[in-house]
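So, here's a batch of structures to check.
There are two complexes below, and they share chain A, which is joined by chain B in the first and by chain C in the second.
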Partner chain A sequence: MSGVSTAAYFARRAAQKERVRILYRRALKDTLNWAVHRHIFYRDACDLREKFNANQDVEDVDRIDKLIAHGEAEYDKWRHPDPYIVPWAPGGSKFCRNPTPPAEIEILYNYGHEDNP
Partner chain B sequence: MALRTAVLRHLRVPVTGSNQSQIGFLGSIRAFSSHDDHLSKQEVVDRVLDVVKCFPKVDPAKVTPDVHFQKDLGLDSLDTVEIVMAIEEEFKLEIPDKEADKIDSCPLAIEYVFNHPMSS
Partner chain C sequence: MYLLIVFLPLLGSSVAGFFGRFLGSEGSAILTTTCVSFSSILSLIAFYEVAPGASACYLRIAPWISSEMFDASWGFLFDSPTVVMLIVVTSISSLVHLYSISYMSEDPHSPRFMCYLSILTFFMPMLVTGDNSLQLFLGWEGVGLASYLLIHFWFTRLQADKAATKAMLVNRVGDFGLAPGISGRFTLFQTVDFSTIFARASAPRNSWISCNMRFNAISLICILLLIGAVGKSAQIGSHTWSPDAMEGPTPVSASIHAATMVTAGVFMIARCSPLFEYPPTALIVITSAGATTSFLAATTGILQNDLKRVIAYSTCSQLGYMIFACGISNYSVSVFHLMNHAFFKALLFLSAGSVIHAMSDEQDMRKMGGLASSFPLTYAMMLIGSLSLIGFPFLTGFYSKDVILELAYTKYTISGNFAFWLGSISVLFTSYYSFRLLFLTFLVPTNSFGRDISRCHDAPIPMAIPSILLALGSLFVGYLAKDMMIGLGTNFWANSPLVLPKNEILAESEFAAPTITKLIPILFSTSGAFVAYNVNPVADQFQRAFQTSTFCNRLYSFFNKRWFFDQVLNDFLVRSFLRFGYEVSFEALDKGAIEILGPYGISYTFRRLAERISQLQSGFVYHYAFAMLLGSTLFVTFSRMWDSLSSWVDNRSSFILIVSSFYTKSSQE
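Moving on to the complex of A and B:
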């Protein structure tokens, strides 16, 4: 590579850093999904962090792209089939369970007396 | 009487909205709702600071409500990701990936958690 630091180079590096952060976040959540118990999770999280730290000094932009693609393929391979999702979030158990009723509806509490005005 | 009921069964009398102006504001408050805890700002600040102080790579003495994770505490970007995940677990939130990427410092985290309607 020519090593010229143009704005496009920095933009590409910033986009790669964001991809790495999002990949690390998803991989960490996946690790927690697979390893439910905290002591196992901490061990696996340390291993994951080591894997990310081993490549952190790479400067070649194309190699970084390949490493990120490889990481994302690994993440896709290891995705949990039933991840833990917070109940009120989409995909959780409480999502859309009690939606707020529309404001125009008024309930008449006259059970048994509907025929009387 | 029978004629009246027969007529009423087929007619639809419109509901009068005379009481709606009074419950305009109260409509947002539901009695016996299971979602009734909104955290106070001080509680959010305390819990976020506790989470940050318990992080092993952080010096607890330096943590104040307006530290920047990377500039003031000397953390890595991956450490920031870990802290955001710990905050998510503490407040039972689900932060979308794009939003979580932007949380870079304590005041941002506190503001996000405080403004989130489902934090508990």
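Moving on to the complex of A and C:
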């Protein structure tokens, strides 16, 4: 019985760690969307890290859940309306531009000049 | 020679389109560029003959539609506004063709691209040389089609598909105003020919009184034509397609959205100036629309992060200037600004294309910076274009933009003052976003990725030459052409843009306007540059405000998301119209009508008829007796009383009654 509850506790803590990790990565990328210049970004990234580090010693799982929910709400509130997306990623300016044709299709690149490659 | 100006690009487009596979990328590019370049050279000769030579040319080729009163022919009119537009269109297009040879060299579909560029260069001259509304409308639709094809060039991208469809549909909304305007002109004047309409423009007195207001026919027609111009020239309400159109390749933006297609609306208003001069209401509406657009677009541009979107909004804003210049009855200044704007805006787009091409197709300004030392030529071109755009003294933009603002003030009307102040504030924002673009792209320490910086290079020769030529235009064309085009007492325009004497204010603005009105644009430009310097390279407190203050955050979202125009239009208009278009007009009417009147409908109807008729055989004798009695009674009645009844009874109604009786629901069902 205690083994089951311990496993449940550790599973919950692992899920919380994953949520915190994802939240931190997204918040850091969003900070870069706002802070265009590096000197501003470094300062804001440090502030963000300090906010996360301030709660790193909390052990109560319910309080951790509340802190994560609060953090996610803050992230949603201040999220950048026009985030940077790498050009070739989905949503980027170059995504799906001239994609590679399927392998099944035969393409003649030298139509009419097959004898002269 | 005159017809070659119009048809050479069509020849290049047809050959590149149908035989591009055999010509290859280089062959198609060389052929189309050559055709358009020849067209450009011929348009210079035509300009010399028509404008300074003061001999307009009118070619009537063949009848097109000749149906009793409606008579439209294939006619080509080359007068001063036309040849100015031809020079702008063909020269910018030929430079863009040359630029595209290098820009699109790595794209496997380059022949198709050159074909589409040339088809645009065919339809735009068709629009500007048309001597009747129908031919103008043909060119109008053609440039809309070309715009769709070019934005849709990378058709494997979903965003490009959406943007192209949006451009086509929003233009179609504008055409929904233009087509009734043309029909209204035909109703009033019984012709679509421009010469006849403009000769009799002052005559119509038709009006309609409703709710204690008088609506003049000529006012309504001009407002309908304005709706067409609003759709084509990306004015407020129909501007949403313009930034999304940046999905197309950069040469497309330079050609269509700087110099060619978007100016069609302005040209149409300038061409129809004899019509627009008479209703003052329409002029006030035009002024207000243009001024509001210039303000809206400028405020949206200040917080965009995509390089091309900033320039797209700048185009929108400058088109607003042109439209409100028409609204204050200064069509010549509007066309002059159109010409100047074409040069520096195309320069900005081509320079942006050089930057994007060099930075591995990176378009976000937040990932650029420090590129002035990497691309000195491109930086110089961008700087020249930006300085010209903001109206830096004695560059091209200065001679048209500041004149427009002075004229707006000197109108001494509410709408004129409204336009002046909105235009002046737009100057501040224009200067801000222009310098923001320069700072973020070229001057601040680099924020880009190492992979882009390591591969970056300045523009190759085929991309540099058009930029240099456009830079020369951005520097000198304004000074060289100002006296010819907007100088006092110039006879350059002959009688083409008509300005009524009561609306003529050029001399007043030149000599009697207070000096402060001439200085305000320069002061605002300088302050915009100053604010841009403090906000962008420095940026600490402003950037922090967007992340800590709810008001600033919402303001940022409001301007970045284009005043939420797209969301509002999509939620309240687009969805309901799409639903109507599918459920009602397609499913119920088009498909529904075919199903009712087609093979399925006929077979269904006859099957139902047979079922209903078979129900008459109920098997009960008293039913048959009743039917016989009813039939004989009706027969006797009608045969005896036919003489008196025949004038009241329509034979066709009895047929309808009989047929409808088979569709009434019976109690057994």
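Here is the rule we use: the second predicted complex is superposed on the first by the 96 of 117 C-alpha atoms of A that agree within 3 Å, B and C clash if a C-alpha of one lies under 4 Å from a C-alpha of the other, contacts with A are read in each partner's own complex, and residues count from 1 in each chain.
Please note the rule applied: contacts are C-beta pairs under 8 Å (C-beta built on N, C-alpha and C of every residue); 3 or more make two chains touch, one makes a residue touch a chain.
Keep in mind it's a predicted model, so treat the numbers as computed, not measured.
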So, after the overlay on chain A, do chain B and chain C clash or fit? They fit
Item to complete: State whether A:35 touches chain B only (first), chain C only (second), both chains, or neither.
Response: second
*May I ask you to decide whether A:96 touches chain B, chain C, both, or neither, giving the answer as first, second, both or neither?*
second
Next on the checklist: Taking the superposition on A as described, I'd like to know which of chain B and chain C A:9 touches: first, second, both or neither.
Outcome noted: neither
>> Is A:78 touching anything from chain B or chain C once the two structures are fitted on A? First, second, both or neither.
In response: second
Minimum Cα separation between chain B and chain C after superposition, in Å, equals 6
Where chain B and chain C land on the same part of chain A: residues 98
Chain A residues touching chain C in their complex are 33-38, 40, 44, 78, 81-82, 84, 87, 93-99, 111-112
The chain C residues in contact with chain A across the complex are 21-22, 107-109, 154, 156-159, 304-306, 360-364, 366-367, 440, 444-445, 447, 537, 539-540, 543, 546-547, 553, 556-557, 560-561
Residue set of chain B touching chain A in the complex reads 4-5, 8, 15, 17, 19-20, 27, 30, 34, 77-78, 80-82, 84-85, 92-94, 97, 100-101, 118
Per the touch rule above, chain A residues touching chain B in the complex are 17-18, 20-22, 24-26, 28-29, 49, 52-53, 85-86, 88-89, 92, 98, 100, 103, 106, 108, 115
